[in-house]
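Can you keep this structure in mind? I'll have questions shortly.
A, B and C are the chain letters, set down in written order, and residue numbers restart from 1 in every chain.
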Amino acid sequence: MAKLELDPDRLFSPNEAERAVAKRLYAEVRDLPIVSPHGHTDPRWFADNEPFDNPADLLIIPDHYIFRMLYSQGVRMEDLGVPTQDGAAVETDPRKIWRHFAEHYHLFRGTPSRMWLDWVFSSVFELTDSLEAGTADAYYDRIDAWLKEDAFRPRALFDRFDIEVIATTESPLDDLRHHKKIRESEWLGNVITAYRPDPVVDPDFEGFAENVAALGALTGENATDWRGYLNAHRKRRAFFKTMGATSTDHGHPTAATANLSEADATALFEKALAGRITPEEAETFRGQMLLEMARMSLEDGLVMQIHPGAWRNHNKPLFERFGRDKGADIPRQTDYVAALKPLLDAVGNERDLTVILFTLDETSYSRELAPLAGHYPALRLGPPWWFHDSPEGMRRFREQATETAGFYNTVGFNDDTRAFMSIPARHDVARRMDCNFLARLVADHRLPEDEAKEVAVDLAYNLVKKAYKL
Amino acid sequence: MAKLELDPDRLFSPNEAERAVAKRLYAEVRDLPIVSPHGHTDPRWFADNEPFDNPADLLIIPDHYIFRMLYSQGVRMEDLGVPTQDGAAVETDPRKIWRHFAEHYHLFRGTPSRMWLDWVFSSVFELTDSLEAGTADAYYDRIDAWLKEDAFRPRALFDRFDIEVIATTESPLDDLRHHKKIRESEWLGNVITAYRPDPVVDPDFEGFAENVAALGALTGENATDWRGYLNAHRKRRAFFKTMGATSTDHGHPTAATANLSEADATALFEKALAGRITPEEAETFRGQMLLEMARMSLEDGLVMQIHPGAWRNHNKPLFERFGRDKGADIPRQTDYVAALKPLLDAVGNERDLTVILFTLDETSYSRELAPLAGHYPALRLGPPWWFHDSPEGMRRFREQATETAGFYNTVGFNDDTRAFMSIPARHDVARRMDCNFLARLVADHRLPEDEAKEVAVDLAYNLVKKAYKL
Amino acid sequence: MAKLELDPDRLFSPNEAERAVAKRLYAEVRDLPIVSPHGHTDPRWFADNEPFDNPADLLIIPDHYIFRMLYSQGVRMEDLGVPTQDGAAVETDPRKIWRHFAEHYHLFRGTPSRMWLDWVFSSVFELTDSLEAGTADAYYDRIDAWLKEDAFRPRALFDRFDIEVIATTESPLDDLRHHKKIRESEWLGNVITAYRPDPVVDPDFEGFAENVAALGALTGENATDWRGYLNAHRKRRAFFKTMGATSTDHGHPTAATANLSEADATALFEKALAGRITPEEAETFRGQMLLEMARMSLEDGLVMQIHPGAWRNHNKPLFERFGRDKGADIPRQTDYVAALKPLLDAVGNERDLTVILFTLDETSYSRELAPLAGHYPALRLGPPWWFHDSPEGMRRFREQATETAGFYNTVGFNDDTRAFMSIPARHDVARRMDCNFLARLVADHRLPEDEAKEVAVDLAYNLVKKAYKL
């Protein structure tokens, strides 16, 4: 049976000169607290502090990184316990689901999921053999037993993971009750929300008009009127700030922005509410809303995040059977230069605004994003995102963005995850890869080591706090 | 005079830790038989087993990698003996052609052609000095003499190269007489065909309507009728299977697919036959035929290969003088996400279908192809293709595809070549680069060495056999 | 206080085997003279040989690499002394400007600007402490004092930098008086011009019609007539040749070319002069002018350079306040395959024509540019340009272009700069990175070291002289 061992120098260059530097840099950042400014953990966990259910419910069923890979190799979603839209029966025995996963664990070789999971198995659950078919049951039993311990309840893990602050992401229609409960509890963990208005700014979102109506009801504004609608946003943003929010988040298909006259914006809004908007007009409306959000950010100080470029739910039959977020979101070519111009002409030179750009199209790093962020005062670059939150993805980001944008137009790391157990592993990979990148610059004499140390700490801790106002 | 020497550790990292691992991994795969599931060798060679003509006819005149580079630096195609369309005179003395090549051999520094050729010179022809103007004649004489030996006839080389199976590529209109002759001979070499229907599915192909008529004649179907035409395909596919075919191959300008009603497909087909089809409609028709081929693959089990993205015959004057395949095919940006959606919605979730995607646009590796193959059960990624069948191309493929698609959504190596002599060198480069990539993962502790050994064997041998059903 | 030290092995691989080779290769090229075939130094400097003004005027105010980075992090352009279009007051005290720069010097960590500047500080001004807020004044004083010395006048530095030849870039409307004065002086420095016709070939250029009129006046041609206009170009090109020009330069938004009939070209030209040309027509007209320039190059032997792909002056408010070239030029996706086809069909097979292609879209290296240059006799690839004139940019260029285009379809290095002080540093970075790339090929046995030495010298010296006819 193969042993599960995490090498203390993992991800550092095999070259001894570089590795020695990387280790010294990493020693400066390894024990810094985790600042997680953007992610998708469930605030209910920290509000209620109930034990997690079982290994499959915790680690497999909700993780689209994992089931998409298994699915791609012929494992049925039903056999992984992924619930169907119509309630058709799926596997309900978590141990059987776990065995399916264990039998296919070799599929993750060379992927970041493998690194994150091995860290969870080794560091959180103190497992010492590798996961494979033959160890599946032993794994299941050990993890299941741990999950029943108080030390593995959400708040205890939060504290053990040394999380200084974590942001969740909520719709404007969310009442934030879990955040309220956390804040009113005696627990000191800092869990904040973030304003994600897609359901009420995207005409293509399921139930858009109803969502806008609900927004109006929540705020006492006439939200079917353009000005009332904008006011309703202002009020919800203010409410989100009372629950710690320092940022908004925008997950659009493209990076398109617009700067319409009030009359034109009003006309589009009315078409959207009436369900008569064309796809092109919907794109323009979302773009207009990015500009409206930027203007509100100038008023209320919330930092904007733009996450464009995914074709959501690309697999139609799978979407119909299992719904959203099932590993079938596929990136596309994404233009930023023309798309952002309306927004940048309006507010790009504002030094008090921060707009953080993410991409799924790595070709934009050196061609568009670094030149944009290396010029406009309002722009910063988010870390490598989603598919690119990986060692090679991080290496490419630093290699392709740094020479034009420098380090100080970037904002540290986002884990962007709902996989709570692996959050420390994800931050650790980012810290190691940044230290490794800096070590190369030191080893080939592009940067003195004392300056690299300062940068390492900035990338792991200071920049994220500054950019997200945490 | 410089010596020609192949270092046994060539292409492995200069870092000693990585190199040591790479050597151990390579020892596991170096002597595995060659499985060549896709290429363009001439089945006549193996059917007739005649000696190859002379060094120029064997190594230069048919190799567009070689003459395109010489041409780019001012060598005339005529001086390389490349035949003209109108029969205008070109150089016919193979020794003179060889000298032109030798004088310009420095142009290939840093290219894979240089590595492949040096391997052929050293390992096949046992030459020990470097090729240059001063050694041109000695090279010519040595190679020419060897080619007259029985040990250098096609079948002997096939056996010496330890080729377990090789696929050629033929049109549906081909009678496969060479394959028949090979199968009926006492020779045991496994040479199989593959179904490449471009001449009868691409309305822009020279003589499309005549080709379809010929297809009807061959199959006894009324191939000018849409259903008869599809039946004719079914019959030819079945016939190709009797000659060993396990795959089809599709070399379209883009990855566009379509899912038309039978009435619409019929209408397009009739326009195509009548020569009244527009370029956009021709694109749709080719896309529809990809879906028809996928449906037939579900019936008969043939694996599909899609090779999109080249602007064929970009150089108009050269095309008019010398014809197709003269080194003037230029890659373009290629979208897969929208293009493949009709096909994927129809058959992407089929676990019994295998569609292997290739690309000439490396930007699609991390952005589109790995996310698609890392989700859809029917999809696999072909190896780096054509211009990217090279050490750096292979490195980029693994670095950019693995973290999202893993290793097991890839299918091993294709040599895709008509340059028979260099087939072992090409597979050897792929094995070395894969071992080198894995060695990096081992050396920086992303993968245990025992698992890397398993992956190395899978990449060199098992995955190609499984994906292509060989 | 941190020391400023330039390691003699900077930029070479930390791997000892590679580094040893790189050092041996670099020893062959380190002391070769600088050949600078394309750039933007001011010929007045060499004509008048006046001392440079002060550190801020020399190193900060004219350098868009520097002020764009400072601006991106909230430093006001006014505080850097960048003059406004309307004459509104800006900082005029060069010492204060210098202090702003020094306080933000950490922003340049990891950028090529940092490497170039440190070289200037250390090698030209013999400074031994790092630049930071605490050393700002000492730096200012030292540099300011040196600039008053005769040894720091332009001609002395030119000689000290061992510049064999440098090209500046001028409009056809320029009288080249500075070049004339240099040629008539007793100084032997070889400063040549290059023909940059954008103001008279781009209908969107400010004052296009007036510029064409001026061109007519200068040449005695009726330049409002299409044939007279082309003749005027011929005459100015001939005049530029008397001032040493061997090349033309074309900075278009895209790589579009066209091959119109004379009637159509004439009609577009007349629309352009009348200010009635649409954006699409303007694009076609610029494309047509590239073909006209290529035809003239076949007559007069001038080498063509095409620099496409920047969205100039992307920041509208900044452009309105400060004008052109203020760090707000942003690259875009750039197609070459379709764009260049009209030109290539017309003259791509000419062996006596040289067209050097540059790109800001690195995705084109392996996909489009290397296959094009690896085939067409008229094409060569320029070095990594602008944002990509950097260690990682150079590494990507060689890794992505060499395997298809080889080394001999590239043309050595361009500094492309107006930052005279850093020209030796820029060439040195290029030589180091090329030697480092070659060292990798030697260390992993892709290229014998004796051949790599030959290539290193070709890349540093021979290829640029041959390609630019210097």
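General observations
Here, contacts are C-beta pairs under 8 Å (C-beta built on N, C-alpha and C of every residue); 3 or more make two chains touch, one makes a residue touch a chain.
Source: prediction; values computed, not measured.
Taking shared numbers over all numbers used, the chain A to chain C interface scores under half, which places it in the different class. Between the two copies, chain B and chain C, the C-alpha superposition involves a rotation of 120 degrees in steps of 5. As a whole-number value, the distance joining the C-alpha centres of chain A and chain C reads 40 Å. Counting partners per residue, chain C has 13, 15, 333, 363 as the residues that reach two or more other chains.
The touching residues of chain A, when paired with chain B in their complex, are 2, 6-7, 9-15, 68-69, 71-74, 106-112, 114-115, 130, 311, 314-318, 327-333, 360-363, 387-388, 390-393. Residue ranges of chain B in contact with chain A, taken from their complex: 13, 15, 17-18, 333, 335, 337-338, 341, 344-345, 348-349, 351, 363, 366-368, 370-377, 379, 399-400, 402-409, 440-441, 443-448, 450-451, 454-455.
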